[in-house]
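To keep things simple, chains are lettered A, B, C and D as they appear, and every chain counts its residues starting from 1.
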Amino acid sequence: MSHKWAMVVDLDRCTGCEACVVACHAENNIPTVGEDQAARGRAMHWIRVERSWEGDFPNPQIRFQPVLCQQCDDAPCEPVCPTYASYHTSEGLNGQVYNRCIGTRFCANACPYNVRFFNFYNPTWDLPLNLQLNPDVSVRSVGIMEKCTFCVQRIKSAEIQAEAEHREMKDGDFTTACAQSCASKALVFGDLDDPDSEVSRLQSSNRATKLLGELGTKPNVSYLERGTWQDATSG
Amino acid sequence: MERRNFIKISALTGMLATLDACGRPDQELIRFVPEEDLIPGIATWKPSVCTLCSAGCGLLVRVMEGDAEVVRHGQRGLMQMGLAKKLEGNPRSPINQGKLCARGHAGLQVLYNPDRITHPIRRTGARGSGEYQAIGWDDALKELSTHLTALQSAKATNSLSFLTRPLSGQRRELIERFLKVFGAPPAVWYEPFDEAVLRQANFLSFGHGALPTFDLGRADYVLSFGADFLGTWNSPVAQSVGYGEMRQGRSGRRAKFVQVEARMSQTGANCDEWIACRPGTEGLLALGIAHVILSNKLAPQGAAFRAGSLIAGWSAGLPESTPEAVENQTGVNAAVITRIAHEITKSGSGTAIIGGAPLAHTNGLFNALAVNALEALVDRGRDQGPILGFTPDPAIGDAGQPAVSAPTGLAGLNSLAQSALGGQPNAPQVLFLYEANPIFSAPPGTKIREALARIPYIVSFGNFIDETSAQADLILPDHAPLESWLDSIGESGSLQSVVNLAPPAVAPLHDTRAMPDVLLGLASQLGGDVAKALPWTTFDALLRAAYVPLRARGGSIDPKTDDDFWTALQAQGIWSSTPGTASAAGSRSAAGASSPAAARRAPTAPAAPEFAGNADDFPFHFLPYVSQSFGDGSLANLPWLQELPDVLTTAMWSSWVEINPSTGARLGIQPGDLVEIGSQQGRVRAAAVLSPGIAPDVVAMPVGQGHDNFGRFASGRGANPLSILATLAERETGSLAWAATRVKIVRIGAPEQATLTLFSEGRSGFPHEEESR
Amino acid sequence: MGWRKWFLVGLALGLCVWALVKVAPPSRANPSVQADSRGPSQYLSSGVFTTAHSSATSAVTDFLDVHPEHPAQPIAYTHKVHLANGLKCEDCHVGVDQGPDARIPGVAFCMTCHQAIDTDNPEIRKIAAYAARGEEIPWVRVYNYSPSAHVKFNHAPHIRAGVQCASCHGDMTTQTTAERKVNLNMGYCVQCHREKQVSVDCELCHN
Amino acid sequence: MQPAAERIEKDLLWPIFHTSVKYWIAVGVAGCLVLAGVAAFGYQLYAGIGVWGINEPVLWGFDITNFVFWIGISHAGTLISAILRLCNATWRRPVTRCAEAITVFAILIGGIIPLCHIGRPWLAFWMIPYPNQRFIWPNFRSPLAWDFFAITTYLTGSAVFLYLPTIPDFASVRDAATGIRKRIYRVLALGWQGTPRQWQRLEIAMHIMAIAIVPVAVSVHTIVSWDFSMTLVPMWHSSIFGPYFVVGAIFSGIAALMLAMALLRKFLHLEEYLKPVHFDNLGKLLLTMSLLWFYFTFAERLTTWYGNTPSEMNVFWSSIRQQFAPLFWIMVFCNFLIPVPILAVKRFRTITGTAIASCTIVVGMWLERFLIIVPALDHKFLPYSWGHYRPTWVEDTLMAASFGAMALLYLLFTKFVPMISIWEMKVGLQPHGGIPVSTPEGERHGLVLEGPLPLDEMR
């Protein structure tokens, strides 16, 4: 059975707590770059919570929007890579093959969402912080581009598990680290090829939009817009 | 490559490889025989308890085999052992329901922190000089027990003091017992942001001296007075779960959420309507809304039960608090007050929450009682009873929720300091320090630093050097939480009683010992009554004795024998009572009326807040707020949290001051400028952030940075707002009124002189930054 | 005009030295260090784990995909004998059919049999000595991937698919201590996957 | 009045056999720059490319700016000399060689820069399609792969194009030199004897090359422009980029050429060969290109402004009004406002005048590359992730090194090869301005078929 992995982000549920950000760091061996590097704009957050202000005191409006790799069907990052390090996997993910990456950084320039992150140095962990590293995920070295993989290591192990139990994968067998940690259930991950999955259901919501959809990148991450409050008193 | 060359090269390089391997320390270390039998590459999930805040979320720890450098019987070596790789929420926990917040995930970095103290050390240089010498556990404990026996023989047992943060569960129980039998005064539970005021208020209004539990998933209208309930207040994960439901969980019913606060918090950022209210007048605003409700008969007057009767003039319909009058006091438009009163009563099930800054004023208790009364008035529930409830206390010994009576927070700290400085006969001779860092987190007025300098012998159980434990003479490092037996008793966040209990998830990495085990060891060394009162040799024995009785209550675990119960409890990590019965017991009810203390109490008259510093010299209210990442600063040494961008300002690795753009324009302060905040107590410097989400007469600053001695990740970074707080206390409960300080603000220099690291370098969305660009 | 040449060469060298000395790489290891106190040492310092190679040699061997073919082991173990005595691979290499890695048996495991069997054998005495000291036997890995390959291999599915151990590890019945009979490089994997018409999607192994 | 054949021989071989102190100093300085660059690169390899100023989201900075700049410079020589050869402009003769030399060296430098800029240079060979057991090939959909092939083709092409017409001159050096030099030049001259058949073949070969190199040259810079325009990045994704880049390339190329000519004329005392008429002609060409460049720039900016797409306007204003405005307006001055008057007015179109214009244009065109690359990356679609780019000393050093390398290669070239084609000059000596009487072939090629003057006469 084929899979089409996708995520739905409900902006009405998102509280901007950033649990997803740290969960991602923990799951995917993302290095902390330190203050001076962060100041140079080299902090690595595969998922970030973008915040925008509208209006002014006393009525400021704030919008939170988690942005991660949109796993586009027509990804601008893929064709530009001269070595196929960035390519489209058989399951429709935007794969990033670390050991094939020679670091032209073309993919990150081509990405409209700025969700690709470059290892400007060999990442370091002061001992024994290295013991926190997840053995299922490779630790990237200098000169390599990296990005959200939809926790492909979890996908793989879930597939292997299902195969070992001689069954098809089902919705909820696994989820990504960010979605798993999301208390308000703003992030939902699943398989669009499974019509009964929750993502399939949510994606058909009339609040669903795509980030920069007009660019035609066909993202697999959908956003559900914020709702509004209907005043019961004024009927 | 051709076969022959291949062999040649491999021979050569193989040789070289072995050569350069010889130089590597990890090759020289011996390998210990593994202690447990793990299958490589396969993860096992072990329950644990999150200790990074007091909410008591249940954890599942992903444990996998790996090589670690450990200390066993005094020797360093490599061992194949189970290593914690990831923390997840425990789905069994009724509190966090399998979810986990940003802080929680970073618990891993407490365990693996490079700055942990790896073995007992004794101070050799002057206090705070950082000169220590390693010392064996036996010698350390001997030294300690000799000091204690000296106190006993000198009949000065009451000059032993224990300074820690509010704990729950058996650690608290153990400490209390130890002190009691030893003859020492009760421990000082200090925490800058303790919730004593709210507990007292809830005790009076609802008969539960505990933090509230809001079933937000069912709410139609949430009116929050300063409570950052999605970020840092009470039980954020539980409340976030409810929030998600109240927004999109029910088709066709989306609750309205109104936030009242002077500085927009992360929670406030999510609201539908944001109301800036004059600091400290939240209670008056609540009464204003109540007035409209009562005068328009929008809700039956008796609906507030006795929560209302605690407010003067309630029965008369609060004639004083007309919207117009309240507008003058609070600065909130009368029309808005009236509208909200109508909306909240008509919306279905509304609820009012108070937390954070409103409680941290001299009139905090009044604010709390007023909001509680409003809550009682509007929260009549729709179908399944009111939104507000209380987690029933499983009543295990008296180890449940921190008692309101104990000398909590500021009061306790003050008395400790005064007795030490005053040099009375009962002045502390020996001080135990555990998980409290008052030198960093207490206002300078408490003189705690000077007081500690006077105490002859200080023992710290901390596993990090921080400002306070740097004063210690002897440091007996505790295990990291994931290496220890953990237990906690849920105070809020669930309508079932919840008991978390977990065995160590991983074996200890360093030569450390759990504080409870050390105390028990001490007790047996001291002998006599102390030993009799604490017969257990290890903490887990104590835990078992304490929690096995739960089996009688049924609940989530229902085994045949005590042993089964004990093993099941360890395996699941959670015991929770059966929902139905529990919620009935826990839900707010007239039960409060029966609490005598409340009955005796005279109705509270509206009170205005007092502030330290007059409005002319110090024109701004100073609002230090609990940092999303660092809490009260005790988590500032976790790199993941340091590099986590603050969601509103996107600041990393630094602290900042939030100022309203109009104020900035008036004082010629540009975004990123270095500014100085001065109060009567002192001054701090940080970079300015111009934020539309703050009132013009308020400046806000996150707590957590500004450590001068807290490991490589936190030291010398940012500034500590607590260090300029006045020692004002809430009038009745005496807990720290941390929002009652007034300050002035001066521009010092250009952004180049400040260190503000923003994750969003580009147009951050602050309209004013764009203009300045 | 020879001296001029030398003068210029000297100038050039001087410039190079200046370029090398002037600035060292910005700190990654310790965020709290100041910008001016940066030095290259942190990339090698033992207090820090980095993905960099421990030495130039290891970098070169890694680049050339070169491995010692028959590393010396602390114990002169013989697969030949054990297999001849009817032991199966997974008896000792536990977990190979359950997960990604196969365990290399530890001293405790060896002693379960060798408490009794063949105790006079000097090699077995060595093992006993390890056990007595409470030390693990420092076996040397024979088959492993360089970290820079960023490759994840999982034994279990291969075994379920009926791949013989020998097809990747050589015929152990003829070996004493393990030898790297097969150079497990990507070409080897891909070839087999193609023959068996298994997916050769990069992310099957690289993530 | 044309100098006599002997004078030509003597003047043009002079620099090869005589070396001045100035020359050594120049070589020394250029060499130091190159060595510094090598050192900086080594340091970058050791520490990681983080020692550059690039960051998220500006992942290309000085590196690609210089890459495009040098590829641009490389477009003068071959293209011009090819075109001039094909339309048989006789005044081209003294110009062609130094032009072709510029091309070869610039493309060489431009080709090396991408190898230095990638994160893991030791794996650069993966750009080459070679059969391997992993069954992996380069991604031929990637503009970078196209670049790789385009540049290598252009490099070999122009190298040959430079070498062919040099063969007879190598022969003359060979005959003039002694000892080891003689042997070296004998090899280089490929046993040139100047027989009619050799002349004929040479002519045909040069003709083929001249025709073949033009489309290659055009394609190269078009492909370079596609590195940008094939993406969705605002202000990059534009169909005008192909011609725009080619024009810009020729523009900067001619400027560089004229600069080189002016310097050669001064230091190699070629006043009688590189005459004001050459600068005048090329000056006119430069003027045309300047106007063309302005037209393209104007068209590009105007359409963007008129289209008023928010994402594009962010980039637009950032370069016209906000942080990049100073650079932008300097560029306009350097590329248009300063050179046009100088080149348009006959009185100013002197050697000095054109040299000044060329200088400003070289600077201006470098700025143009920078302004195409950085502001766009700086202001991509999501304002939250905008960034800033500040180059570090490493990038500065590498950039200086690229100029140093150009100077060094050129200096060495002048030392080993006559900078003006001796035999072509001699052809110019023929009566009727080099239009011979004999065979129709000769007429087409403007060449005398009695073969060159016997070389022994020249001593």
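Here, contacts are C-beta pairs under 8 Å (C-beta built on N, C-alpha and C of every residue); 3 or more make two chains touch, one makes a residue touch a chain.
As the structure is a computational prediction, the values presented were derived from the model and not from experiment.
Undergrad: Count the smallest number of chain-to-chain hops linking chain A with chain D, moving only between touching chains.
TA: Step count on the best path from chain A to chain D: 1.
Undergrad: Mind having a look at which chain is the central one, using mean CA positions?
TA: A
Undergrad: What's the chain with its C-alpha centre farthest out from chain B?
TA: D
Undergrad: Using CA atom averages as chain centres, what separation in Å is found between chain B and chain D?
TA: 66
Undergrad: Cα centroid separation between chain A and chain C, in whole Å?
TA: The answer is 32 Å.
Undergrad: Report the inter-chain centroid distance for chain B and chain C in whole angstrom, where each centroid is the mean of the CA atoms.
TA: The separation of the two C-alpha centroids amounts to 44 Å.
Undergrad: Centroid from C-alpha atoms only, then distance chain A to chain B, rounded to Å. What do you get?
TA: 30
Undergrad: Could you list which residues of chain A touch at least two other chains?
TA: 32-35, 37, 40-41, 43, 48, 50-52, 84, 87, 100, 121-122, 126-127, 129-130, 142, in rising order.
Undergrad: In chain B, what residues contact two or more other chains?
TA: 41, 114, 639, 642, 653, 712, 717, 760-761, 764-765
Undergrad: If I count partner chains per residue in chain D, which residues reach a count of at least 2?
TA: Where chain D meets two or more other chains at a single residue, that happens at 47-48, 50, 383-385, 387-388.
Undergrad: Where on chain C is chain D touching in the complex?
TA: Listed in rising order, the residues are 1, 4-5, 7-9, 11-13, 15-16, 19-20, 22-26, 28, 40, 43, 63, 185-187, 190-191, 194, 200.
Undergrad: Touching chain A in the complex: which residues of chain C?
TA: 25-32, 35, 42-43, 46-52, 147-152, 154, 156-157, 160, 199, 201-204, 206-207
Undergrad: Chain C touches which residues of chain A in the complex?
TA: Per the touch definition, chain A meets chain C at residues 31-37, 40, 84, 87, 89-90, 93, 95, 97-100, 121-127, 129-130, 136-142, 149, 152-153, 156, 160, 163-164.
Undergrad: Could you pull out which chain B residues touch chain A in their complex?
TA: For chain B paired with chain A, touching residues are 41, 64, 66, 68-69, 83-89, 96, 98-106, 108-109, 112-114, 220, 230-231, 236-237, 240-241, 243-244, 247-248, 254-256, 264, 266-267, 269-270, 272, 274-276, 342-343, 346-348, 509, 628, 639-645, 647-648, 650, 652-654, 660-662, 692-696, 712, 717, 755, 757, 759-761, 764-767.
Undergrad: Which part of chain A faces chain D closely enough to touch in the complex?
TA: Chain A residues touching chain D: 37, 40-43, 48, 50-52, 67, 76, 79-84, 87, 100-106, 108-110, 112-114, 117-122, 142-145, 212, 215, 217.
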